[in-house]
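Both complexes shown next keep subunit A, but they swap its partner, so subunit B is in the first and subunit C is in the second.
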Partner chain A sequence: MVPQTSGQQRTVGWLFGVTGLALFTLMALLGVAMRLEQGDLISISPEWFYRLMTLHAAGMLAGALASMMGGLWLVVRSVVPSLNFGRAIASFAAIVTGVVLVLVAVLIGGFAAGWTFLYPLPFHSSGMWSTWSTVTFLVGMALVGVGFVIYCIDVLKATTETYGGLGGALGVTWLRGRAPIPPPPQVIAATAVSLQGIIAGAVGTTIIVALLDHAIDGQVTIDALWAKNLTYFFGHTIANLIIYLAAGMVYVLLPLYAGRQWKTSKPLVIGWLGTITFVLTAYSHHLYMDFVQPGAAQLVSLVASSAAAIPVAVVTIYTGMMLVWGSRYRWTLTSVLLYLGFAGWAIGGMGAVIDSLIPVNFRLHNTLWVPAHFHNYLMMGIGLWMLAFVSYMLERASGRTARKRVTLLAPVALIVGGYGFIFSWYVSGALGIPRRWAVHPPGTQDYSIVASIFAIVFLLGFFAVLAEFISMGRQAWRRRGLATTPSAPPQIAGASPEADIASSPSPQPMVKAGFGLITIVAMAVAAMFVFFPPISDASELNVKYHHLVHAFQFFTGAMLGVAAASSPSFFNRFAPRWTNAALAIVIVVPVAMLLYMIPAIYSGLVDNDFLHASYHLFVVFLGLLTGLGAALLGRVAGWTILATAVGMALMFAPGVSGG
Partner chain B sequence: MLAMGSMELNFGEFQIVVMIVFAVIVIFLGAIFVLVAIQARRNVEFEIVTNTGYRLRRYWITFLVLLLGSSVVFSLFFTPYPGSAHTTATVRVSGGLFYWSMSPQKVPAGSDVHFDVTSVDVNHGFGIYDPDGVLLGSVQAMPGYHNNLDLTLDKPGTYLISCLEYCGFKHDKMVRKFEVSS
Partner chain C sequence: MNESKIRKSGKDDEDWSKTAQAWLTGIGIGALILAAMVVSYEIGTNHTGDQAASTPAAESTVAAPPAATQGPGRELFVTTCGTCHTLSEAGTSGAVGPNLDDLKPDRQMVESAIKIGGTGSGAMPPGLLEGTEATEVSDYVAGSAGTGG
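What follows is the complex of A and B.
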């Protein structure tokens, strides 16, 4: 059965899908301009090249993220009706605002420290940009992250409440034989991605706020290795999660053209558990060439980077191929793009796995091999799936598929142009041409010229698809108000979205009365030991220990907040109606807590015992607010957000000092 | 400060092997996708597909685990991380916007060189190319930390040190020479 979509689903689909694709288009044009410049075919000053490079990457990330967030939301909402439309729109608004700020920072402010804003480069501009543009860029990136976190919290809350907790929504309960039916695969994907997204968002917020602290108060110093760890954890994880968001969407769209259902299987559940583990532990391969990085982190990353390929190759892509094999697959523009996206993921993934071996990385690190592999899976994997997503919605809305010549010729141009463009990069990387160079070494311009020609071929295919989209869009506009389910995609035998809805959602408090309540109150009391004079006196001698004490004070408040808000009278009264306020609290308050830890605020208070004590009690109060907010989000989302909020305070301590 | 100048880049043997391995993988994966696309036209009972697919998947996962596992283990024998090897020369390297300072600036051929690499401002990447223009490897130059890289430099001639971590608008100009005398 073709999934029935509501008006809200279509609104989210169009907003996220079309906006993401528009950003992708603009950023692709910037990318081609940079490639032409590297081939000496046009002239761009280094200042503008590095600005465009920063914008290209940040814009692509935001566009691809938004698009695939919309794609997954659309297919999950059919089976999880409690996904909240308003929060999806709030997420979209945060991302768009973030992108606008990034545009302002780069185009007006001249910010060009790269999308990874690797400390301390944002504060060493060599006269290219000023602090306000750094701050604007950081706030912009933070808002993109906030948009993703709002989405993730809402998805995690909705899926876990619908499918009986985290184990239920990840399929673990079914795997252990404690549930009669498993959740649909898109729900497992959404739950796994949202869990990781909240963790990545917390790490990203911590490093961004630390940089903002430094911008506000120059006395704040940041450890460069700590900053690099947090930056790459955030950057790698977010970029990686986009394709897993997309995979959840493909679980639903591909079967529409294969006429076979993508069912949840035991390997799929185990594969997603593996993916959660490996995606969260792979980032350190970005620090292989930082020899001071602890060896254990390098080893974990080495194993995780290769292991991450196994669930993809053995479960998702393999099952996709089984669904297509012998299915009398219905080739339309959408289904062609869906199919080709698998190839981009597989080939780009292998390029990454090769580079994740330390001896290879030693010789290819920061050469053009790196952009080759991530463009491989971003452009030829996610990029094609972004097109497929919009194409799917247009097929439904217009009641027709793309014309035959576009269906045949545009993918040829996309494949020939795309892979020609990317392979020239792989070869250039093996030749040792550094990445992120405005001017390439003499004698290597031919590689850029060849790449530019292929990039233009890719663009021809891309714009042919966009032109067809406009034509289909016009038709869809004329058909608006008519039935939106076209005859185009085939029926899936035996599939019924309604049957997949386990039960109506039932928010659960984080802690139930009794032993749980006693435990968290005891933890709060135990954490209060940080107020004991010997501990607080000792922590005054070292800023990092002092920040650690703050973290425990925050934890104390958070536990008390959870205990208070988990009481049945409070929870039942406020939980359903105050969800949006709770969401705002758990995002804003931990940020405020980190912004609060700067010498400019606390250095004047230490000589006055009352003010000093008030300062620390305010940290407890911030924790209390966060605990209250988290508790109102229900058990799984609440504990996840609370753990990450306390984790932000703990992470902050070893990396930030000064004053 | 100079551009890469007259140095012509070349493929190293290691990099050629990496490209060949990758090419084999791409051809293998490409062939599978073409084969599945061709077979997609047929009408085969899904039960038959899944029965065969699940049986083959056992071999596929075994093959992948062995391939990836062995490459991970094998790679551990060739990491560039410094051990307790004897070094005959120590070169102190410091990166700054947009220069490299190195001391000494010359070592004899055959030296086991210990590069002590750091930065005075932002992150830089210490990439070293041999006289034939082959990238030997790189290590990060990070403020507040010292990354130590051990390399045996057998080939006499002019080596190039080039920044491999984006550091600002003259990043591509952050190149200098390093001599290995015969």
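What follows is the complex of A and C.
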């Protein structure tokens, strides 16, 4: 069955797809400028080089993320009608605002500490930028994360309510023989990505708020290793999830051209379960060089980084190739780009696996091998799929495909230019040329010159595609209002019926009266142990233990909030109508809870028993609010948000001290 | 009030009653667990206190700083390394480099780190101290890491 798209789907598709592509284009131009500078072909001061490098990475991440969020939303909405349009727009607004702040921080404020904002570098600028630009950059990155989290919460809520819970939406219920028909693959992808996105968002928020705490009050000190772990968990996971968002979109678009349906199979379900595990445990390969990182984390990362390739290669890439093999594949610009994107993912993935092997990583990690591998799958995988997504929408809107000469020549330029550009990096990396430097070692400029020539060839192909897009866009604009029905899509042979979906899914409370309610009330009461005077007095002697006590106070409130909001009369009255307010609460309140833990706020209160007690009761109150909000989001989204909010408080404890 | 409203009202009462029962049971169980935790804590701390009081010799052994913590190594560490490293015995709390109380490096590891700059990754400058000074700081760190307050 080929999904028909509604006006709201097209709006989200255009907003996210075109904005993402525009950002990609701007950032690509900055990237080429940096490469030309490394080859001594143009002159950019090191000061500006590091600014551009920071902007290039942050902008590319936000652009690719936004584009593929739109792509997945568009294809999932056809089978999950309860995906909320308003929340998609709110997510978009947060991301765009975040990008504007990042632009201001870098271009006006001069922030140049890299998109990874690794502590303590953002606060040691040697006069290159001031604290306000660090804060602006951090808030900008946080807003991009918030936009993604809003999207993930809505997707998780909608898919799990539509397909009968987390197990149903991930296909596990079907795998265990308890459901006759599986969910479509794009639903499995969307559910898995949104679950991981919420976790990564919580980790990212924790480190960003800790850095903001430090910016507000210099007494706050942060453990550098802790900061690096959280930063890379957030960054690596989000960057990884972009391609998994894209995979969900490709599950629907590729079959439109192959004429065969991408069916949910048992390996696909198992593969996605593996992907959830591996993506969340692979990040530590960024810390192989840090000898203080626990050995167990390195070992887990080694296994996860290698194992992550298995579901990708076996399930998605192999199935995609088999879908095209022997089919009457319709070769249009969209379908050519979709097909070539698989190659970028596969080759870049191999580069990543090689780099994630510890003995190899010791040689390659600080070299140009690393940008080679991630540009391989971001530029030649996601970049081509971003173009394919916009091309698909233009085909539908304009009623025609791209002209033949563009379809034939532009991909050739993209492939020759793109891979030439990337392979010069692989070679440079293997030779040991370091990454992240404005100036390369003497005698190595030739590699940058060769890369620059290939980059220009890539840009020629890229702009040829953009020119064709403009032409198709003008045609689509003239057709607007003439035909609301898009051109007839091809029929897909062998299409199987999809799992029954709830016609009007309604959220389920997090707990129902009975054993669940008894358990969480009992847990809340037991957690009040932290108010026991010897415990609370002892925690006053050590900031980290004190923060741990805050986490338990927050947990107490959260459990009470869930228990209160899960009563049938409360839940039925507020759950459907107050979802947006609940969403705002679960995002804002945990952030407020972490911002609340700075010495400048509490140091004046500790001498007064009443104020001191009020301070701690307020932490409980913030937990209560979070619990109420989470409960109104329904069972799966609610528990996920609650677990991550309490997790944020727990994570904060070991890493932040001072005061 | 018509019949359906009466039925609905009756169902609401039933829901509330079940919810109230669940809350009360939860509070009861939670209070029991809380009481058990408080009692365990009290017994545990009193017991530990008795033990500590009965073994003053052990306490004094712990309190005495190792010989390596005395001397010029400590001073050199505070001025050269303390900005970046935490070492309780020296009273430094730098958070840029690894926490030495957690790492507990041996003498050879410290000497190597001073010589090549950490692991040689460039994060720490190599050769911050040389000769006797490097040896004194290595002895001091190896002897004091993880022992301070």
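Note that the second predicted complex is superposed on the first by the 642 of 659 C-alpha atoms of A that agree within 3 Å, B and C clash if a C-alpha of one lies under 4 Å from a C-alpha of the other, contacts with A are read in each partner's own complex, and residues count from 1 in each chain.
Throughout what follows, a residue touches a chain if its C-beta (ideal position, glycine included) is under 8 Å from a C-beta of that chain, and two chains touch if they have at least 3 such contacts.
As the structure is a computational prediction, the values presented were derived from the model and not from experiment.
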* Is this a clash or a fit when subunit B and subunit C both end up on subunit A? -> clash
* Figure out whether A:363 sits in contact with subunit B (first) or subunit C (second), or with both, or with neither. => first
* **Partner chain in contact with A:517 - subunit B first, subunit C second, else both or neither** => second
* To do: Report for A:128: first if it touches subunit B alone, second if subunit C alone, otherwise both or neither.
  => first
* To do: Check the residue A:292 against both partner chains and state whether it touches subunit B (first), subunit C (second), both, or neither.
  => both
* Asked: Touching A:432, do we find subunit B (first), subunit C (second), both, or neither?
  -> first
* Thinking of the overlay built on chain A, is A:225 touched by subunit B (first), by subunit C (second), by both, or by neither? -> both
* To do: Go through the superposed model and pick first if A:525 touches only subunit B, second if only subunit C, both, or neither.
  => second
* Asked: What's your read, subunit B or subunit C touching more residues of subunit A?
  -> B
* Check the residue A:535 against both partner chains and state whether it touches subunit B (first), subunit C (second), both, or neither. => second
* Contacts of A:563 with subunit B and subunit C, given as first, second, both or neither -> second
* Asked: If both complexes are laid over each other on chain A, which piece of subunit B (114-122, 150-158 or 168-176) hits subunit C?
  -> 114-122
* Structure fact -> The intersection of the subunit A residues contacting subunit B with those contacting subunit C is 120, 223-225, 289, 291-292, 366
* To do: Using the touch definition up top, name the residues of subunit B that touch subunit A in the complex.
  => 3-12, 14-16, 18-19, 21-22, 25-26, 29-30, 32-33, 36-37, 39-46, 48-50, 53, 57, 60-61, 64-65, 68-69, 71-72, 75-76, 78-82, 97-98, 121-123, 125, 127, 129, 133-140, 142-149, 162-172
* Asked: Across the complex, what residues on subunit A touch subunit B?
  -> 46-47, 50, 112-114, 118, 120-121, 124-126, 128, 223-225, 228, 260, 267, 287, 289-292, 295, 302-303, 306-307, 309-310, 313-314, 318, 321-322, 324-329, 331, 339, 342-343, 346-347, 350-351, 353-354, 357-360, 362-367, 426-427, 430-444
* To do: Could you pull out which subunit A residues touch subunit C in their complex?
  => 120, 221-225, 289, 291-292, 366, 513-514, 517-526, 528-529, 532, 534-535, 563, 567-569
* **For the subunit C and subunit A complex, residues of the former touching the latter** => 12, 15-16, 18-19, 22-23, 25-27, 29-31, 33-34, 37-38, 41, 45, 93, 95-99, 102-103, 118-119, 121-122
